[in-house]
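In what comes next, subunit A is part of two complexes: it sits with subunit B in the first one and with subunit C in the second one.
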Partner chain A sequence: MIYLDNAATTFPKPPEVINAVNDILTNHGGNPGRGGHFFSRICGDKIFECRENMAKLIKADNPENIIFTKNATEAINLAIKGVVSRGDEIIISSMEHNSVLRSAVNMEKIGVTVKIAKADLSGYVSPQEIELLITDKTKMICVIHASNIVGTVNPIKEISHLARKHNIITLIDCAQTGGILPINAADFDMLAFAGHKGLYGPFGTGILYIRNGLNIDTLIEGGTGSFSESALMPLSSPDRYEAGTVNACGIAGLNEGIKFVLRENVYEKEKELSKRLKELLFNIKGIHVLGKNDVGVFGILFDNKDCVEAARILDEKYGIASRAGLHCAPMAHRTLGTISKGLLRLSVGYFNTIEDIERAALALEKIILYN
Partner chain B sequence: MIATVASITSANRLKKCASESGIESSIAQTPHILTKEGCGYSLRFDEINIHKIQSCAYDLNIKIRGFFKEDTSGEKTTYIKI
Partner chain C sequence: MIYLDNAATTFPKPPEVINAVNDILTNHGGNPGRGGHFFSRICGDKIFECRENMAKLIKADNPENIIFTKNATEAINLAIKGVVSRGDEIIISSMEHNSVLRSAVNMEKIGVTVKIAKADLSGYVSPQEIELLITDKTKMICVIHASNIVGTVNPIKEISHLARKHNIITLIDCAQTGGILPINAADFDMLAFAGHKGLYGPFGTGILYIRNGLNIDTLIEGGTGSFSESALMPLSSPDRYEAGTVNACGIAGLNEGIKFVLRENVYEKEKELSKRLKELLFNIKGIHVLGKNDVGVFGILFDNKDCVEAARILDEKYGIASRAGLHCAPMAHRTLGTISKGLLRLSVGYFNTIEDIERAALALEKIILYN
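Moving on to the complex of A and B:
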């Protein structure tokens, strides 16, 4: 099998990720931050190490600003619901995933106004387009770093600077870029990451970075192993946002995934693979590759083929894993003009080879010609 | 001696700083008698290093809730606030 669905989750994982998960479950399975015994302490050390490594990856100066969540979606929900309240306006881009769209729109029922900054046909969201929507009620701007459909990277630093000029909080959805593109936390208020994608961790892991001094509301409440006599959540991060037992084995695995991306140059590898894939795809008649593909995500539009059918044939006949449909981002498809047909997505990862890419391109060519 | 802090993450940060300064320390649950708000974590270290631990806390912007000397000479451990 050739795995080209790395934008959904990276696969395979580095062996050390699997070993770390196994090690916690086998040897150190005490509840971290809930006791003083050996098993709890060792497990707690792994959690802390992961916070430190993530902080190092995004150049955050304080590991206490790294909040563990179960995925990027939960991180995004925590950020949005923790910041906006009745009467506020939130600006999101038209390229957002449903993780942002649905959590923002859900806030309309409590009196929040959602405004959409339209991206261009490549999926690029300009700061100027966002600035047009800013009012004195704008509380938050949320933009996807790189499109999960076409890989177009947005000017997040400029957008954040614009927001700061207007005293607006920014949230950047880094689900497709964490571990791949360099990100400097100092430029942003909040950053959401998927642990199981470019950070090469296991499922069930996500991260929200919240800058120093920004205290937001909680998404869930419960035990934290600290300040237990109080009926209120502690004010200090990360405990404030991490009610309940954390996914210790997942985070131990994520720690190894982050160490892997700190060690390897994932972006350079993906760039090489993407370059080859782009060359090959652009020469195939009957398909169109949309967007800028700045990261290794390729949205492919067929002239005369159902994208889901193409994905099925790729899987069944050629042993190639891809993803077809709307990719949980209907608004982005409306922006790109592909809502009625959807797209086939090929997304590369560190463990792909040039041979994988060439076989996938050849398979696509054959599907268009013969199937 | 122990230094009580708000969270296990703060305790871990202090421990790391202590280790980088050549100080041996360990993380322990804060004795119940010392916690007004319930559960918490502390760093246990040799009293001689208190200034270095204070310096770490200052550098890392970690609030030490209290420094306590442990007296184990009696039937039960008593804690003296420094």
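Moving on to the complex of A and C:
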């Protein structure tokens, strides 16, 4: 099996990730922060270590600004719903994933206005497009770091600086870039990450970074193991945003995933693989590669082939895992002109080899010629 | 180590639970429902199997009414916030955990009124107490199945029937009873479960059951891998309520946990252990066991000892894991008269032995006499 669906979730995981999950489940399964005994403490220590390592990765000065969620989607919902309220405007880009689009649009029912900054045909969102939409009611700007369909990277630092000039809060959706592209937390208000993608952690893990001094509304209230006597959530991060039992085994695994990306140069490896894939795809007649592919995500359009059918043949005949159709980002497909048919997506990861890439390109050539 | 903190999270887990988590992470780590390839399908099949087994456990006729959340707290937040809105009244009991209390109280800011049905000194909530609070504005009743502090079981079926008579929606918090006490989904509108407690699954798993025909608001919106072209969440369960990548490895483990409780008679085992613990505790001078302990949860009050100190000695000197203090349920502590000092909680699980129980009782006796 050749796995080229790393933008959905990375596979395989480094062995130490799986071992850490195992170790918590087998040997240290106490509920972290809910009991003072040995088991709980070991578990709690692992979780704090993960906060520290994530803070190190994004150069955040305070590990307590790292909040664990179940996935990037929860992180994004927490960020958006925690900030905007009736009468506010939120600007999102036309390349956003449904995690941003659907949660923002859901806020319309309470009187929030959603404005869409249109990306160009490569999926690039310019600060100028965003600036056109800013009014004195703009509360928040939310932009995807790199497209989950075509890998185009957006100028998030410029967008954040523009927002700061206008006193607007930014959220960057780093689901496709966390662990791959460098990011400096000091430049942003909030950053959302998927633990199971470029951070090489297990399913069931996501992260929201919230900068010092920014106190937002909670999305989920419940037990925190702290200030238990109050019917209100504590004010301090991370407890305020982490009600209920956290995914302790998942976070222990994520900790190892983050240590892995701190140690290895994932981006260099992906760049090398992406370069080769781009060269090969460029020379195949009957397909078009859309976007900029700044990270290893390739959206492929066929002249005369249904992309879902191509993905099926890749899977069944060639043992190659890809993804086809609409990729939970309808506005992005409209921007790219692929809403009716969708795209075939190939996405590389650290554990792919040049041989994987070459076999995938060859398989695509054969599918176009013979199937 | 003797583990008597099973009400916080059960430990150990059956080996097949850990193996299933491992297998997904090692061999089948595709994103379920997000790609058509082999990896994704295996993962998706496991998740559906877990829905089927949970439906079997609670005698629900439709596996699609089983919704996976990150923990019981998310399930409870989804249920409460999905149902009540401005002008509504919600009745909760005074024995509720902070997951219910804090999420209900949080709704006051949008104009929801929270009414508290007072439990008696044993922690029992009578349907009569609830009925006194019902008005034509009552939208929802939320009651804990068994107290997480003293194990008192509430008459949830009668409460639900009372609610149905008044056209009120019920939510039962089964965090402490799922997998232990039998429950018949047909009697209820919504049931919330913690996957990592009596269902013997891993951390990062919870369940909300929503009956056929009850369509509630979403808590989190995002990608569902279905109806991707729409900016609104799909209407059909479970997709409507499961935005973002689910905890596939956790759910595969939970599936094995549920199969374990379907196979074994956890309740009979816990009854036997609880009976012995109750006998032994009853004969120790200087302590009082509160509540009814209908499930294996014992809240212990000392005459002349700080409960946090007792838990520390149990841990450090005797290798016994317990929990002390306030147990994320301040109203329950007020009901029981233990808000100032809290309680020491011992909670049994399937893997405890009579010897564990006897050693714990002996340790408590020694602590009272000598420490």
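Quick note on the criterion: the second predicted complex is superposed on the first by the 371 of 371 C-alpha atoms of A that agree within 3 Å, B and C clash if a C-alpha of one lies under 4 Å from a C-alpha of the other, contacts with A are read in each partner's own complex, and residues count from 1 in each chain.
Operating definition for what follows: a residue touches a chain if its C-beta (ideal position, glycine included) is under 8 Å from a C-beta of that chain, and two chains touch if they have at least 3 such contacts.
Just so we're clear, the structure is a prediction, and the values are computed from it rather than from any experiment.
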Of subunit B and subunit C, the chain that contacts the larger number of subunit A residues: C
Contacts of A:S228 with subunit B and subunit C, given as first, second, both or neither: both
Touching partner for A:F282 - first (subunit B), second (subunit C), both, neither: neither
Touched partner set for A:R323, first subunit B, second subunit C, both or neither: second
Touching partner for A:P238 - first (subunit B), second (subunit C), both, neither: first
Partner chain(s) touched by A:R51 [first = subunit B, second = subunit C, both, neither]: first
Subunit B versus subunit C as contact partner of A:D5, first or second or both or neither: second
Which of subunit B and subunit C A:E64 touches, first, second, both or neither: first
Partner chain(s) touched by A:T73 [first = subunit B, second = subunit C, both, neither]: second
Residues of subunit A at both interfaces, subunit B in one complex, subunit C in the other: 35-36, 224-225, 228-230
In the complex with subunit A, residue positions of subunit C that touch it: 1, 3, 5, 8-9, 11-13, 17-18, 21-22, 24-26, 29-31, 34-40, 69-74, 76-77, 97-99, 101-103, 105-106, 194, 196, 202-206, 218-225, 228-233, 243-250, 253, 308, 311-312, 314-315, 319-331, 333, 339
Interfacial residue positions of subunit A with respect to subunit B in the complex: 32-33, 35-36, 41, 44-45, 48, 51-52, 62-64, 224-230, 234, 236, 238-239
In the complex with subunit A, residue positions of subunit B that touch it: 6-10, 12-13, 16, 27-29, 35-41, 60-61
